[in-house]
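Two complexes are shown next, each including chain A; its partner changes from chain B in the first to chain C in the second.
Showing the complex of A and B:
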């Protein structure tokens, strides 16, 4: 910190720890070039295709005029919101337990539950979920084995499978920022509230929830925007019967060669997530949002 | 009053317990399941297996298709990680140690690939690659993966550089070092563990990438995740349990190394 103030006070010559604009531009140039070529140009191209031939902005109208498309878009946003809510609810129970538990066994188990999925590859994770949920898979074996069900359940290739798979993958992403948010909360507050006669639920609701509200909102947003862009999960776990925008996009590009329609879908997803990011930004500020992404 | 309070109280801690147990079970069981099944000697995925052995592993190592996909993954993930680090580290130094204008914009753009909806970014890259003639080329997949790894370099390296005092370079210079020598001898040397950790994270990210390769790989670039994706789309091959197990070990070792280096850099 001191170095920065010294640099500001003295003339920007030799003895400042901070270097000049020219060095900065030179050092940043390769990154700026890569980002310009492989992020900005592609995004501009995407928008120009989505709003270009044949009808300009009319493409959007054509897209939404098709009720199948609107249904798929709605499913995507609703499912992602469900995944966000479940991940934040379950994630805060896990994170709060990690913050407060004194049992090393419980701590170890919860930490492995959160970190192990990071070690499995994305696709192998989905493979193992398929093995788990299939008609003759472990879950159905257990359910029929203990006599809870006489016939196996259809757990795969439907909306349930997609939401389950996405939640499985997003839960760790929800827990880590929540944990960072909970870390600054004094756990004595809960005891104090209980000591004053509040029930445990009321104590938590009146102390932890308001104090961690920004973290809750920020981690919901992170989960939501990542979920909206999921491609592998809806395709592998949802199949053809549970269409998601990603499946629609893949179909448009690889089967119908309709790049315009795919670009419009992608643009709608981008707009939807930018909207949610914007609202979160207004609600909790840049700092919190950045922290949720970083951790 | 007190009775009314204890009943919901017990219900709440019951619910809490159920959630905890369910989370532990549902997060750990899939991983445990594939590890157990990787030692099954069955031709199909079946639980519980009746024959045990290393059949899945020998099938995997005996298959030229799977082995070449592993090779492709290395040939793509290594350069992708190196590009991300080579481009990202100087940019982070520019962000933290110079009077570069427009820093907030570069910070946001640097981590944007992490936040953009994956499939939307994939379509955007695809449309651009069609024009640039990069669809189906290794170079195209390498550069796409390096974009995806770039955020991790930005996050890890800048977190570490923030903790290294900028005045150390001035001290070295007051003792007679040139600016260049002070930068390389002090700052970059202290930053080395973080750069190593960032390289590993970038590599793991690129190695695991399966969405972009589907769009820009054009079906010609078959990395390991792409091969697994293609296989899972058509059915459940038991051999993938062996891949999943080895992948977990491999990633586990790499991540362990990365966290150790990162911790080392914090001191």
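Showing the complex of A and C:
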């Protein structure tokens, strides 16, 4: 009797924590199918349009031969990098305050400062910024009203407006991963450094900064990657003369009906983003990057 | 959007597989069989759906059919639904689905044609010439042509298109912002004698047309446009142009917010600003241009072509509804009675009421799209 039951337990269909390769593949099938349908198919189509009619790889050459395109691509990457740097700088101050403060009022204020714009609709945010920045807007009215400026400043429809508006919207994306990174840092380290005679700044620079460097790089990357794809903000705050690559794509499709040119722009944008992800990957490693993105 | 939809179809089988993949108990063979059966049936259903709607092209006009109209959105489509779509559905039982593409109602149809599956029936095309050149339009049937000949002005239709919504681009000026209001293209370019912030519509061929006129080209000689000369003249004024609005709504907003004082903009949008916000707004038609290619067309591969013709015929046969639509937007409709049916202030605001307005050369524009694209994008980004 006993031997039979043991034999039964050891039958090939017995439970095991490790599943076979086939089961693994089967379990992964839905996810793989989803990725194939929503990522690979469109990507293949994108590449085939971009490098298809009329000139194949020559399309790329045509694209870069046009100074408008190279300028727009440069603006996109440079502005996004500026937004990334400012967001990380401001965001790390906010995140560190959140990490260290004991006052519930302060905590509440900081959280609402991060989450309110995060949850607000993009159009609402952009319209508020327009109301603030336009020639007869709030900021200029205050500046001229208290006599700081005799004539209103040009705050809207330029690069400043785009970077300002994007930074405002990207701050939460910088703060949240940084907060996750800071959470793992022992605040006693700062006290210890100060106890050993370091100034407050020196203490932060020698303890917190090196420990959080990977988080800083990762959150810069997150902000940067999202920023290069911005469309509404450059259109509404920057106007037609401060175009981003996505505005170029929209114009190609909706005004000039040139899908090839739009596809090439998209491809270049994608390549630029992948490059930055690749560099970050090399700098901070997969685990840290994933943690920053997921949180 | 269209690409996204095309990518959706493989999802059918993928979705079907989700439930099955997690069930480890049944024998593997059965599981494989079931999954492959599901995948297969999913694929068949997807194919059948694709072919099914394809083969019904030209199909029935009976009640319950829904036609798709690609249109401009906003006040335009509100009026379209109220005065055309709703009464049409009530009478015929054919439903109308309005799909908004605010920058260009033509773009979705073009993309659909490129991906090989047209789902739009009627398009409010901004330049029917582009669609015609690509051989994408259906020729109107004799019955519709007869109705047009009877009801519409002779310059308001072709074999492929009913001209409706002709839009002019004019010079508008708010005297509260500008000390002196520019009335001609030359004056608009004269920043010394007419100082103040300006806006120019973000539309390559229109901006170039005004620039050429400002540079001394007589309106009759503007076409074929000298793109380089126009861009050169535009570079002169660029530092004084605060905004190149990308939409009609933005044209209105920059005027209302006093961000700009003078604007080269669409007449209907200027009319609405004058009516609702700035009563003093000056509108000058000197040097103005109008797009004669705006109008309703039917796609050659439209899934409900006959119902689409019926919709257009209904509009043609109802001059009073056309007049109401016109009155809401100050854009003209094809009926011969239009001017009798409209109040005088609206009739005077129509592009067709201004004989000095130069019609665009749509064929030239269509043939030079690439040149215009490169020059215009270079100008804006530079």
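One rule holds in what follows: the second predicted complex is superposed on the first by the 259 of 295 C-alpha atoms of A that agree within 3 Å, B and C clash if a C-alpha of one lies under 4 Å from a C-alpha of the other, contacts with A are read in each partner's own complex, and residues count from 1 in each chain.
Note that in this section a residue touches a chain if its C-beta (ideal position, glycine included) is under 8 Å from a C-beta of that chain, and two chains touch if they have at least 3 such contacts.
Because the structure is predicted, anything quoted here is derived from the model rather than measured.
K.L.:
Scan A:228 for contacts with chain B and chain C and give back first, second, both or neither.
P.N.:
A:228 contacts chain B only, not chain C.
K.L.:
Quick one: chain B or chain C, who's touching more of chain A?
P.N.:
B
K.L.:
Between chain B (first) and chain C (second), which, if any, makes contact with A:256: first, second, both or neither?
P.N.:
A:256: touches chain C, not chain B.
K.L.:
If we overlay the two complexes on their shared chain A, which of chain B and chain C does A:153 touch? Say first, second, both or neither.
P.N.:
neither
K.L.:
In the superposed arrangement, does A:117 touch chain B (first), chain C (second), both or neither?
P.N.:
First partner only, chain B.
K.L.:
Which partner chains sit in contact with A:69 here, chain B, chain C, both or neither? Use first/second/both/neither.
P.N.:
second
K.L.:
Examine A:81 and indicate which partner it touches, taking first as chain B and second as chain C; both and neither are also allowed.
P.N.:
Neither chain B nor chain C is touched by A:81.
K.L.:
Which partner does A:126 reach: the first (chain B), the second (chain C), both, or neither?
P.N.:
A:126 contacts chain B only, not chain C.
K.L.:
Thinking of the overlay built on chain A, is A:213 touched by chain B (first), by chain C (second), by both, or by neither?
P.N.:
neither
K.L.:
Check whether A:245 is in contact with chain B, with chain C, with both or with neither, and answer first, second, both or neither.
P.N.:
First partner only.
K.L.:
Report, in rising order, the residues of chain A that make contact with chain B in one complex and with chain C in the other.
P.N.:
In chain A, positions 19, 23, 26-27, 30, 34, 38, 41-42, 45, 130, 134, 136, 235-236, 250, 253, 259 sit in both the chain B and chain C interfaces.
K.L.:
Which part of chain C faces chain A closely enough to touch in the complex?
P.N.:
3-4, 6-8, 10-11, 13-14, 17-18, 21-22, 24, 28, 31, 35, 101, 103-104, 106-107, 110-111, 114, 130, 197, 202-204, 238, 242-246, 250, 257-259, 369-370, 372-374, 377-382
K.L.:
Which residues of chain A touch chain B in the complex?
P.N.:
2-4, 12, 15, 17-21, 23-28, 30-32, 34-35, 38-43, 45-46, 49, 90, 93-94, 97, 106, 109-110, 112-114, 116-132, 134, 136-138, 141, 168, 171, 199-201, 222, 225-226, 228-232, 235-236, 245-246, 249-250, 253, 259, 262-263, 265-267, 269-270, 273, 277, 293-294
K.L.:
Where on chain B is chain A touching in the complex?
P.N.:
Against chain A, the touching part of chain B is residues 5, 8-9, 12-13, 16, 19-20, 23-24, 26-31, 33-34, 37, 45-47, 83, 86-88, 90-91, 93-95, 97-101, 106, 109-128, 130-131, 143-144, 146-147, 150, 155, 159, 165-167, 169-170, 173, 208, 210-211, 214-215, 224-225, 228-229, 232-233, 236, 240-241, 243-244, 247-248, 251-252, 255.
K.L.:
Quick one: which bits of chain A touch chain C in the complex? Just the residue numbers, please.
P.N.:
It comes out as residues 19, 22-23, 26-27, 29-30, 33-34, 36-38, 41-42, 45, 66-69, 71-72, 75, 130, 134-136, 156-157, 235-236, 239-241, 243, 248, 250-259, 261.
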